[in-house]
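Take a look at the structure set out below.
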Amino acid sequence: MTTTHNLIVSARAPDQLRDVRIQRGYTMHAEGSVLISVGNTQVLCTASVEEKVPPHKRGSGEGWVTAEYGMLPRATNTRGSREAAKGKQSGRTQEIQRLIGRSLRAVFDLKKLGERTIQLDCDVIQADGGTRCASITGAYVAAQDAVSWLLARGLITESPVLHPVAAVSVGIVGGAPVLDLDYVQDSSCDTDMNVVMTGAGHFVEVQGTAEGAAFSRTEMNRLLDLAEKGIGELIALQQQALLV
Amino acid sequence: MTTTHNLIVSARAPDQLRDVRIQRGYTMHAEGSVLISVGNTQVLCTASVEEKVPPHKRGSGEGWVTAEYGMLPRATNTRGSREAAKGKQSGRTQEIQRLIGRSLRAVFDLKKLGERTIQLDCDVIQADGGTRCASITGAYVAAQDAVSWLLARGLITESPVLHPVAAVSVGIVGGAPVLDLDYVQDSSCDTDMNVVMTGAGHFVEVQGTAEGAAFSRTEMNRLLDLAEKGIGELIALQQQALLV
Amino acid sequence: MTTTHNLIVSARAPDQLRDVRIQRGYTMHAEGSVLISVGNTQVLCTASVEEKVPPHKRGSGEGWVTAEYGMLPRATNTRGSREAAKGKQSGRTQEIQRLIGRSLRAVFDLKKLGERTIQLDCDVIQADGGTRCASITGAYVAAQDAVSWLLARGLITESPVLHPVAAVSVGIVGGAPVLDLDYVQDSSCDTDMNVVMTGAGHFVEVQGTAEGAAFSRTEMNRLLDLAEKGIGELIALQQQALLV
Amino acid sequence: MTTTHNLIVSARAPDQLRDVRIQRGYTMHAEGSVLISVGNTQVLCTASVEEKVPPHKRGSGEGWVTAEYGMLPRATNTRGSREAAKGKQSGRTQEIQRLIGRSLRAVFDLKKLGERTIQLDCDVIQADGGTRCASITGAYVAAQDAVSWLLARGLITESPVLHPVAAVSVGIVGGAPVLDLDYVQDSSCDTDMNVVMTGAGHFVEVQGTAEGAAFSRTEMNRLLDLAEKGIGELIALQQQALLV
Amino acid sequence: MTTTHNLIVSARAPDQLRDVRIQRGYTMHAEGSVLISVGNTQVLCTASVEEKVPPHKRGSGEGWVTAEYGMLPRATNTRGSREAAKGKQSGRTQEIQRLIGRSLRAVFDLKKLGERTIQLDCDVIQADGGTRCASITGAYVAAQDAVSWLLARGLITESPVLHPVAAVSVGIVGGAPVLDLDYVQDSSCDTDMNVVMTGAGHFVEVQGTAEGAAFSRTEMNRLLDLAEKGIGELIALQQQALLV
Amino acid sequence: MTTTHNLIVSARAPDQLRDVRIQRGYTMHAEGSVLISVGNTQVLCTASVEEKVPPHKRGSGEGWVTAEYGMLPRATNTRGSREAAKGKQSGRTQEIQRLIGRSLRAVFDLKKLGERTIQLDCDVIQADGGTRCASITGAYVAAQDAVSWLLARGLITESPVLHPVAAVSVGIVGGAPVLDLDYVQDSSCDTDMNVVMTGAGHFVEVQGTAEGAAFSRTEMNRLLDLAEKGIGELIALQQQALLV
């Protein structure tokens, strides 16, 4: 039996990222199409250029960057119900897609994009923790490919991308800070924090939640240190992938 | 003309909370019913005791604490559409009600609550920034009244409340950190951060978002300092209100 | 403990209204904002001026007056589910908001309003019977304030309001006609009738329903006598409130 | 061309009903199935016996009678959109089906029905005014057939029907009271009143609405006189149809 | 008791259609209105002319033909729930209305129709198998009447109808091929095939489904033979009905 | 730039399948997980075993096999809207998932499956025509893997699978019959037919649609010949994949 995706066993240091793979041109239709794998988590991120903007941007001369997020029903250990069949997106899904959209807009000069939309779709093929962070990190690469597509066609003359952007989760597991939680770690952690940062080392989003015990200022600082380290590495990997 | 709610003009220091008023027993049916005013923001927080739990808690011996959030259509400067008429809650509404629920659960020992639910409803009567934070701060007081109601009837013999919990927004406005943003400040700020903390000085949630420029670690630290100060004051006000 | 809303015990004659209080300027954003209390029933009625009309009025030179109605989940003795969370308004809610809209339109000259909408929102803060009637009576006052706002800004030069309008419920309780039923009376009555009348003593709506035994023409006449008396008093109270 | 349904031209006195035809056994599956024609208005009323009751009646030993109402998209002069395709019933539809249900329950002893439901479906095949009144009048006959079906099978031993019930619309058209308005009259009337009465001459529902000018007590009395006359005739026609 | 629709007992040869009746002008408002009875199955098919087209046809100079399908709740042996009340059309309903629309469009020259829509509504009054086929056969006659209406008013000068179109079901029941299955036959058959053909003897749709055992090429051929025979007879009946 | 999925150019004979690749074990959580590629069309088919059955099978001792279908928004040349965000599945989606479910059930002995469900999810990663046929062909392999999983755990002792099943599209393009249409061929064809057959050479479903001109019996026969050939080859490829 051909098994293309085996379980990747984690034997990492607490400050070590899982294995990250970024595959560009993964599907053929989208202007940008990236499969990002972070450990066993796999997200297909596509960027679609649409020559229209939402109502609040019409006539502004500015563009828009937005995102939608989904999870295939059996991306998870037990099957989740299909949101299209239930007839609505969960609160969790909406929260995540709003986060992805804000994170990407934070590194775009919407004026330079012109009155068009980059629509990002992040669909989780396989889930093992950290899907929202993988989505942001992968969506940035897909968005870059869409920008290159626009530049190559002369639709824009200057890149609207101000900085790279990437995201990672950090948390306190069994009392100790850990970088890049997988599903088992995420389920048992006391504090879970998702951090989005730019290539310039600034924060775009910090979302920390005490799942169990509330966390101290000191713990927060240690988590932010880990996140800074991890995001630096992720941004290097994005840049590598974009050089190919 | 009898005007019961005049505009409260802000002439505050950047590290000063707006005027806070917490009125208990605001409506007559709920086990806990609190109107919290933070400047011109007014939220009615009710706590309802229900002798049932959601499916994932049935038979566990544990209770549940959850929240719903709404805004009256004309709580805002221009009328927003009624979510019941549109047939769905916005992503923003769902995000906020999930945050309120998590924040309150963080200070509850669900075992001591017994297999029942405290349902919190936070309805914004008048909005001027900071409605999610006012909801959390007010919901804590309503939840305490519902707990007193349970204790008084002998339905529980020990309080399941572990700590007080309160929330405040902080942000960077015109380059400077400000505590407890009103709507005008919130609309123009570069970074907006909602912080939820317990009476023990620990963090339950930190949600920081760069609306404009990404923020540095130094700025983040200054914002957290402000939030700690404000939440300390809010928790004192909650305790005062509960003594009456 | 500060209790701002105590239970008001009814010891009234069968032809006596409950205590009525009409507070204008209750919230700060709306063009008209009225909290009406009828006994323990409290409804916040706001009137919003919107410079647009629904499709069937576009280009007609005429305006529109319409209403939406809602009840906070814990306005009632046991918590009702939130319509926004369920994703639809109940048949009862739709019936009531259609009634409020028709009642107010009956006293408006839509031509004089010009091509704009007065949107009434009636949200029940606390329920103890008669919420639809209190909504109509309060919405009239809020609508008048919105009209004053339009006149003060010169947007209209003549009031489009033709008459005052108010509403009251009457019913047969234990065989005897009673004015202005509270929740307990409403639950046990044989016949429940909601009557909407203008200041000129004419009927806008009469909705009588036999909950138990069907009612005779004689009983109907006695109910209408009571309603005429009660509405006369309500209209006097509206006028008083508008003089302040 | 075979035209089975020609336009029936009205040349009636103001106190005269339109031609009424009541066909029992109209379709083959339902326990009661009646096509009622009132002038050009045609409504198919079926009564279905279901051996279950809604949650609020479970274990009560009592039954339930309820109704649903619909209109075929091209029952009207211009096509209306299909409610099933739009995904929701209009406020008007819900109002009408609640009225039909209440009207029929008013003449049923739910204890004698036993713990089962009579579900009435009123579907308008062709509309020319007065569809809700025709639905009630026809549904009574269908319900009687369902009761006979239950009696014939020995499922009940005594009829739960207390009285006949029928409904008619009355209105003020061009200043004069008119019985049984057709669509053209209904569209131009000042006041429209739907009256539901039992065979004992008592009121079950009175719903009067001023479409244009508000109406006086005198006008109301004249309308009720007309309605009493019309309903007496409709009940005689129901009894005739049930004798066949 | 007047029973207008008695059960029609089938004693037919396996290659014999049930009794078919096509009544034009069945209701008064629609441009085409046909009640088609095929055995006990009765479908009201109306054709409405609307002077607009869906977005994908705007400005094309071409028209559109489309269909909606519904079943009255008690058209069937046990009551089905009302799709308008459930808030969505079933997959089966959508499949059928898409099939009706495609079938009719196959015989229309949309250019000759001009930029307008013929909207077909097929509502099942009574069901006994074969409702989708009866809908197509009846809708063709209703569409022809709508085309005549357009020609008579000079809105078009040439008929856009290229061919007649009709449909029939065939199946393998107890091992033998049968034409025009009723409900009992349909429920017990091994293979069910719906065939749509033009007057020229060509196929528009063939939809065969093995309900039980899969079917052989030989069986398929025998079913198609039966369908060709049945559709030839149905088209002759349509032409007869249109001559009246 | 690493391009993992290049456009596969078709230079095939009219009776030749596109390149087919069947990868088992594609994702790690599902009991069966297959990526099927047919030319540029790629569908991820997962089979999930659930120890419950839908209501109509409860207590029957029989199991159930059902399917859901979805398409990633940018699987297509221009982005389609996300069904979860729109809040409903299109008629096309429902048609396809009903077809997949019926096709698989046709080769399952539900008694031998025991009272459990095999839930198939077919999600289109990249679309280039023939997605429903690829879904059926791939879902069969995923279902087989789920059956092997059940056998390996001793949950069943005998395979409930009666036959292989596969599907292919055929059509008349430019007057000539063609096997396995890609998107360009599908868009321009006159007749499109989806054929589902078992390994025993029998038909499970035949769905032929005249997109342009209606098709003759002769053309139908030539299309069925092509389909038989193609499905024979697909079933051989399934068997090969299952041997690995």
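Order of writing sets the labels: A, B, C, D, E and F. Residues in every chain begin at 1.
We take it that contacts are C-beta pairs under 8 Å (C-beta built on N, C-alpha and C of every residue); 3 or more make two chains touch, one makes a residue touch a chain.
Being a predicted model, the structure only gives us computed values, none of them experimental.
A.B. asks: Which chains does chain B share as contact partners with chain F?
C.D. replies: Output, common partners of chain B and chain F: A.
A.B. asks: Does A-B or A-F have the larger number of C-beta pairs in contact?
C.D. replies: Greater number of contacting C-beta pairs: A-F.
A.B. asks: Same or different: at the chain E/chain F interface, is the fraction of residue numbers used by both copies above or below half?
C.D. replies: Interface between chain E and chain F is built from largely the same residues.
A.B. asks: Compared with chain B, which chain's mean CA position is the farthest off?
C.D. replies: If we average the C-alpha coordinates per chain, E ends up farthest from chain B.
A.B. asks: Determine the centre-to-centre distance between chain B and chain D, using the mean Cα coordinates as centres, and give it in whole Å.
C.D. replies: Centres of chain B and chain D (C-alpha means) sit 51 Å apart.
A.B. asks: Could you tell me the distance, in whole angstrom, between the mean C-alpha positions of chain A and chain F?
C.D. replies: Chain centroid spacing, chain A to chain F, equals 31 Å.
A.B. asks: Any idea how many Å lie between the Cα centroids of chain C and chain D?
C.D. replies: Here chain C and chain D have centroids separated by 29 Å.
A.B. asks: Just how far, in Å, is the C-alpha centre of chain F from the one of chain C?
C.D. replies: Each chain reduced to its C-alpha mean, chain C and chain F end up 59 Å apart.
A.B. asks: Using the touch rule from the top of the page, what residues of chain A touch 2 or more other chains?
C.D. replies: Residues 87-88.
A.B. asks: Could you list, by residue number, the parts of chain F that touch chain E in their complex?
C.D. replies: Listed in rising order, the residues of chain F that touch chain E are 88, 91-92, 94-95, 97-98, 102, 106, 163, 193, 197-198, 200-210, 213-217, 220, 224, 228.
A.B. asks: State the interface residues of chain E toward chain D in the complex, per the touch definition above.
C.D. replies: Within the complex, chain E touches chain D at residues 1-7, 23-30, 33, 35, 40, 42, 44, 46, 48, 50, 68, 70, 72-77, 79, 82-85, 87-89, 93, 119, 121, 123, 125-127, 244.
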